[in-house]
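Working notes, structure below.
Should a chain be cited, it is by its letter among A, B, C, D, E, F and G, assigned in written order, with residues numbered from 1 in that chain.
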């Protein structure tokens, strides 16, 4: 669903941008819906990425601690 | 007148006797007179002489009387001679006590009863003093008086160490000379002497010149006499007026060889004695003086010998002691040096042994300390590093959790924001979207009653026609 | 796994840097896992190095003490 | 094992330096083991030197005392 | 063992110096044994010299005392 | 043993000098025995000289006293 | 050496000098016997001369000179 190129950083930046646009109220409702839809996609992406990273990191840390403990 | 009455001579002499007796009997007189025509009858002990008085100026005889002394008077004369040293003889001036008598056969008689010794002594003393004064004045270069004695050239001479060669002036083989020689020759020390005798008459004032001549002979002999001894002829204890003469006094005082006198008088010193080097009372004493002088020399020599003996023995003893002390000092100090060196060596021995051992112990201790440090510290170091690592891991986990939380928070914020602004949500709260000609309008400008619009609500879209229009004040709900 | 050039010193410094990055949130989510993974590697390296050093030191000490005792 | 040139003096000085380095933690873990190993070598050298010296000195002393007693 | 040239004086002075060095701990372990050995040699030399001197001196003294007594 | 030229005076002075040297410890152990030997020779010489002189002097004195007695 | 001229005076003075020398210990042992002998000769001379006849005195002197020459 998401381009392979998209990064958390880019996604998050886009989110920030969208939020800024909306805040400025210059965006029309037509566009708003579209923006919100995009934001929802981005948020979803970031959350997934975050979760994935968290899981991976926790695994590594667990491993690190495990190594420490184990040896 | 021729036939006048005559008397017998005896009658006359008797009358003279009677008259003189009447005038002089039991009377005595002290008379000053000179003696002349003296003759002495030794067997009877009678002195016959005249008493005369001379004119002081012309020496002419102004009075003269014959006198006699016997019995007591003769005794008194002998005493006088002994006391004064002056023989009773012609030309002496005397004070005599006399009595006057008349004898019918012998005629007028003056008898000497007594003679005043003191008068003559005084006279002689006076003469002697005059002579002494004369000596001092005329011979001042070798005679002077100091206190009550006289300093003469002769008595300033020093005796030689030993008096051995002697010139003796004496008269004949007088007893005095015999005494002198006997004493000298029979001295108990065995000293020998060489005596040369110069015989002369040493009696009578008039012989002074002879004595002086003998002194000159001695001087001219060229013999180095140690002393000249003048001995009086001896015999009678009288007649040494010779020795009070100016002539002899001067000769003796000036004589270059010490003069010893042995004149043998009992009372006053004669002028010769005063001028001589060593006056003695008698010839025997003169000899004894010489012997004593030599004895004192020998004593001095013997004392020196004793000193040399004692001192040389002391010297040996001193040297022995000094040698012995040096010997002891060398021995003791040498032993001392060796003993000190032994001790010092022992000390160094000890120092080297103990010092090196304690040095090793010290190094060992140091090494232990350093190696202890080196061995114990790495473990601590490693433990510290491990601790650091553990902390780092904990930090990373903690930081990670925070990091994820923050990210999650950020996302949640956006989620909420977008939910809030999403059109669906707005419609659900009662808002509607108005479309005119398929386009959303956000003002009523283009809308007028009768226009067709469509209104989209939450759950449906309504198509409607505008029936009225009221323009709002822009205020109100705007935030 | 690790370059022969890597030193404890360098590893530890890198670790500290990674920790700081995470703390300061200067690392992006995109590389976080990778960073942590690197940290794990570094920690593993350091721990091994420490263990090796400790073992070595202990051996030396044991040997020295052995020598001391033995003599 | 040790150069012939090494002296007790030099060895001891090096030991002191090593001890100071370790104490001040200026030595890195990377070279710690190496340093300790060097220290061990130096300590061993010093101890041997000390023991050798001690033995030698004791022999000399025994000899001296023997001489003393003997005479 | 000792050069013919060595005198008690020289030996004594050297000994003094060695003793001072040992006492002041200025002698290093490297040369300690050598120094002690030298000291031992010097002490032995000095003692022999001293003993010889003593014997000689005692003989002279005995002779002197003999002479004294004898005469 | 002694030069014919040696006098008591010279011998005694030399003895005093030796004694002073020994007393002040300015004589070294190296020459001590030699000095003491020399001192012994000098003392012997002085004593003999002294004895000889004493005998001679005593003979002279005896002779002198004999002369005295004899006369 | 004994002059015909020898007088008590000269003999006495010489004796005094000898005695003083011995007393003050300014005479050395070396010449002491000689001095004492000379003193004996002088004393003998004085004593004999005191007692001898003129001819004997010359004999004494001759004899003394003979003795001295003979020794």
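In the analysis below, a residue touches a chain if its C-beta (ideal position, glycine included) is under 8 Å from a C-beta of that chain, and two chains touch if they have at least 3 such contacts.
The shown structure was predicted, so the numbers you read here are calculated from the model rather than taken from an experiment.
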More contacts between chains, A-B or F-G: A-B
Max Cα-centre separation from chain A goes to chain G
Find the geometric centre of each of chain A and chain C from their Cα atoms only, then give the gap between the two centres in Å, rounded to an integer. 33
Whole-Å distance, chain B centre to chain C centre, using C-alpha means? 107
With chain centres taken as the means of their Cα atoms, state the distance from chain B to chain D in Å. 80
If you look at chain G, which of its residues touch at least two other chains? 29, 32, 36, 40, 43, 47, 51
Give me the residue numbers in chain B that touch at least two other chains, ranges are fine. 190, 302, 305, 312, 319, 327, 331, 334, 338, 341, 349, 353, 356, 360, 363, 371, 375, 378, 382, 385, 393, 396, 400, 407
Pairs of chains in contact here are A-B, A-C, B-C, B-D, B-E, B-F, B-G, C-D, D-E, E-F, F-G
Listed in rising order, the residues of chain F that touch chain E in the complex are 28-30, 32-33, 36-37, 40, 43-44, 47, 51
Listed in rising order, chain C residues that touch chain D in their complex are 7-9, 49-50, 52-53, 56-57, 60-61, 63-64, 67, 71
Per the contact definition, I'd like the list of chain E residues that touch chain B in the complex. 12, 15-16, 18-19, 22-23, 25, 27, 29, 32, 35-36, 39-40, 43, 46-47, 50, 53-54, 57, 61, 64, 68
Applying the document's contact rule, which stretches of chain B touch chain G when the two form their complex? 160-162, 164, 189-192, 194, 294, 297-298, 300-302, 304-305, 307-308, 311-312, 315, 318-319
List of chain B residues in touch with chain C within their complex: 371, 375, 378-379, 382, 385-386, 388-389, 392-393, 395-396, 399-400, 402-403, 406-407
